[in-house]
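Notes follow once the structure below has been shown.
By written order: A, B, C and D. Residues from 1 in each chain.
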Amino acid sequence: MPDLNLVVAEIADEMRQRRDRGTVAHYIPELARVDPKHFGIAVVAADGTVATGGDAAMPFSIQSISKVFTLTLALGRYGDRLWRRVGREPSGSPFNSIVQLEREQGIPRNPFINAGAIAVTDLILSGHQPREALGEILSFMRFLADDADISIDETVAASEQRTGFRNAALANYMKSFGVLENPVDLTLGVYFHQCAIAMSCQQLAMAGRFLAQSGRNPSTGLQVIQPERARRINAVMLTCGHYDGSGEFAYRVGLPGKSGVGGGILAVAPGKASIAVWSPGLDAAGNSHLGRVALEALSRRMDWSIFGA
Amino acid sequence: MPDLNLVVAEIADEMRQRRDRGTVAHYIPELARVDPKHFGIAVVAADGTVATGGDAAMPFSIQSISKVFTLTLALGRYGDRLWRRVGREPSGSPFNSIVQLEREQGIPRNPFINAGAIAVTDLILSGHQPREALGEILSFMRFLADDADISIDETVAASEQRTGFRNAALANYMKSFGVLENPVDLTLGVYFHQCAIAMSCQQLAMAGRFLAQSGRNPSTGLQVIQPERARRINAVMLTCGHYDGSGEFAYRVGLPGKSGVGGGILAVAPGKASIAVWSPGLDAAGNSHLGRVALEALSRRMDWSIFGA
Amino acid sequence: MPDLNLVVAEIADEMRQRRDRGTVAHYIPELARVDPKHFGIAVVAADGTVATGGDAAMPFSIQSISKVFTLTLALGRYGDRLWRRVGREPSGSPFNSIVQLEREQGIPRNPFINAGAIAVTDLILSGHQPREALGEILSFMRFLADDADISIDETVAASEQRTGFRNAALANYMKSFGVLENPVDLTLGVYFHQCAIAMSCQQLAMAGRFLAQSGRNPSTGLQVIQPERARRINAVMLTCGHYDGSGEFAYRVGLPGKSGVGGGILAVAPGKASIAVWSPGLDAAGNSHLGRVALEALSRRMDWSIFGA
Amino acid sequence: MPDLNLVVAEIADEMRQRRDRGTVAHYIPELARVDPKHFGIAVVAADGTVATGGDAAMPFSIQSISKVFTLTLALGRYGDRLWRRVGREPSGSPFNSIVQLEREQGIPRNPFINAGAIAVTDLILSGHQPREALGEILSFMRFLADDADISIDETVAASEQRTGFRNAALANYMKSFGVLENPVDLTLGVYFHQCAIAMSCQQLAMAGRFLAQSGRNPSTGLQVIQPERARRINAVMLTCGHYDGSGEFAYRVGLPGKSGVGGGILAVAPGKASIAVWSPGLDAAGNSHLGRVALEALSRRMDWSIFGA
């Protein structure tokens, strides 16, 4: 087996030299300012080894990667009743499409497109004040990453709140079908703030360990979720984690993963490692271009594809 | 590790007793006559062990499962140029939807929906007579299954040809965009015949071994395709193999698989086993209901999910 | 030529006896309480004759009929620049569909579906306070109807504001494409209030006279709009005035018209009459059932179809 | 009232000088060869006056204008039962869209888009040989135009038959829902031939007289169809006669009309005139650009808009 530290260092070096970097998301003004030259990678192996490269310690806006954690939280609270509010099929549409909602009575296709994540956030909010709900999400992230130094970037949150009309359209649309319980602006407030959580690749890879280790948090030895639920979250990440580029990611990388428009990707090699990469430039489907390229190299060199040796 | 023979026998027994059997496909008249009570299962493990249960030796119409094999054949001939004609993203639509084709200039979303498989068949046909193309497909199946006793059910093929207007619509639509090269009726003729191949679970599980074994055919020791290509075909099966029920199958079963409206499913546990199940009753998305239930049980009891222990 | 008073009296009588009354709109709670037995009709002929029948003097919520008047106002202020924000083609979709907006970059198909009317209201609001914009709309209605006794039903407006999530989705969606200039909630506030204007058939038929008389208001002799503009508004009413039932209305009635979910319809027989009918029960496309039936009878008996003798 | 001959001569002259001519349809190879500089106009007034200009005597391919005549024929044979097979609402989509058919179980939106016209042709074919059906259509055209010298351009028909894959997709799609009764290739054969009828503006304007004159053919004095049916066909022409440019045509021209991709338009001024124009260059919606411009000028100068003086 190849040496993980060596492979990670090689990949960080290769990514540094590449010129094809995709396009930084421009529809959230605050994100548009991020330097496209950043690249970070962090891998936490099953044995606890941590290998990092590039800007692995630099915090970035995790954006939609938060959807993995809010799904986990909401499943913990509601169990399979959650699936009455959101499906688990790939959407075949861009991340912010509203067409599917009209066809399917306001039920979003899966929890990893914007509409689905808003529906999940609405569940977490129910019975709470927005501030409490956000506190719970943040505490969960800190607990999983075993790191108290994770916070919300209020500037990004405010930027999204000012410009998030498309998400407001999705939320109001679902509300018109009764899919949301709380006032639309409260649900959106929590959603915009959870997307604005800032984390480094190191923190993110730590936070993702439970998905690689049958639901267990190795820092505490606690079972965060049952093994079957961890498998199932991984399955949804594989089929739906990269919007309308999910098939491509499965084809090239062969690992469950979830991307965010901040340029981060969290990937899981079940039983082997939790991985986070970050490069702000996106491809046409809204996923980090070099992030995907790096994960493809890592998966191949470490022989981690879930689809066979 | 649980005993495979025992597990397979248990599952066959449990399936025999279940009353929820789905609905036999009625849109192909010849298939509508099949008795919904059939259930078969065959598992070929990596070590060569074969475990079977129920009607494992009874031939059935493999229908869309043939798409896995024609994709393999066409990739062998055209390599990655094939992907100019067909995508590899889940469709988010029923198996025979034409809406997506209008939105995307006649390029089908993936090779496992009808439109995509017709485009792949058209590639195989190019430069050949229909009879030759069909002969090649059949020879490939016999070679993979190591069994000369596999043939086309001409009654089923004729039944599809007489009633396959929706597939004719898809083919003509693609032709109008220049996605098909051959005369529409010739391409459709080959397509309807490949769908009408009759095989038993035993034969099908044998034919699928190369996908579980890094592209190698254990009967001959020959490398059918490169390991990376086997992984990638598995990835496409996982994200697209069950039409608009692909997310559900990944979530519940956790294995790459391809279903057919004849009620068969071919599934792959990479490095571990090739599996075929058959039960004619379908669920709403057009996939074998008990087939999926049986695979879910098998995957859980053998701990074969690709998404973690 | 048949006697208008007689024909109107006959029709009012026939409508009173019919049992097929459609279904009262239930999605605006306040409207759901209206008694489905009401029927009113008022016709103002070109010579000034006024013929009425049934509940012609009872005010009802004009809802989308207001869209004709806000379009007229906005055309007066912006001229043909208005058409940069909204198209003039039938939508082929229900009145509150959002699908078309995604396909066409947030530009609504015409000013008579909800999205289009919201875009028109947004234009009227620009440079004004909501209260001023509403005042202008109301003054215009009073001027056209030559009747100071027209007002907004605040209970209906509040009911719509509380439950208008689908309209909020449409407005936010357009805002995300830059089609709206003002804050979404302000534009929606004006929109919900204009829809809540209460008028009787008599008032409405008076207000519609300028469309039947080449843009002239006979009360004052003033030219409200140029003759060509009146013709063009009539044309848009004919092709788009009844949502996805516009073809049916043209086919059966043969007059330009605009319906509202309150059960009213304003129709125009160019050069001959301005007509208002009201019956709260709607058909599947959201148009007054008996209103359409009554107009079909009127048009046939008076020989008023614009499509030939 | 302005002099018709003078107005027609002026318009022919103005059109000759214009440079904006649209784009000749290229998807039917045979039509792509037509010189875009042609322009013809013919007006048959209610009093029998015939005014012509430009290439009014030159035959061109009437294409979709034939749909008006096959609709008339089929209504004559089937009456309102025809409407079980085809709707009468504008489609909100391009002329050859298949999306709507999937949403509405194979029932085309109206008889003037391709799918709808194919369904109407299928009705005319039922119980006949294709040659008989075509003969009946041709005889009907000759009878209406009072001119035996109208025929089918076999080269155009063959060109369409070779390349009409999109129409074949539409037909097969409808067949899969049982909307067509006859073998798809027979129905398409008749359809392609009816589209390939060649007529001059003079012949076409003569053939359209019955729609301007309450259903009467002035040559014979015979009532071709009842007045109400003539009105209703005019209504469908107004709302659906120009594909997804129907709203625009109503807005600008204010007359019922039907266009064809050969560049012809038949328009009707009820009670006043039957009009045919021809200019091969099309606009983005597939309607003759100069044809529409000429009709707009004619309608304005003669004050013929149905939407008011």
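Heads up, the rule we're going with is that a residue touches a chain if its C-beta (ideal position, glycine included) is under 8 Å from a C-beta of that chain, and two chains touch if they have at least 3 such contacts.
Since we're looking at a predicted model, the values are computed, not measured.
Chemist: Go through the assembly and pull out the chains touching chain C as well as chain D.
Modeler: Intersection of chain C and chain D contact lists gives nothing.
Chemist: Could you grab the centroid distance between chain B and chain C? Build each centroid from C-alpha atoms only and quote it in angstrom.
Modeler: Each chain's C-alpha centroid was found; their separation is 55 Å.
Chemist: Roughly how far is chain B from chain D, centre to centre by C-alpha average, rounded to an integer in Å?
Modeler: Distance between chain centres: 47 Å.
Chemist: Can you tell me which residues of chain B touch two or more of the remaining chains?
Modeler: Within chain B, no residue contacts more than one other chain.
Chemist: Select the category (line, ring, star, complete, other) that matches the graph of chains linked by touching.
Modeler: Contact pattern: a closed ring, each chain touching exactly two others.
Chemist: For this structure, give each pair of chains that are touching.
Modeler: Chain pairs that touch: A-B, A-C, B-D, C-D.
Chemist: Would you tell me which residues of chain D are touching chain C in their complex?
Modeler: Listed in rising order, the residues of chain D that touch chain C are 87-93, 100, 109-110, 211-212, 214, 227-228, 230-232, 234-236, 238-240, 244-248, 250-251, 254, 256, 268, 270-271, 300, 305-309.
Chemist: Would you mind writing out the residues of chain A in touch with chain C in their complex?
Modeler: Per the touch definition, chain A meets chain C at residues 97-99, 101-103, 165-166, 168-173, 175-176, 184.
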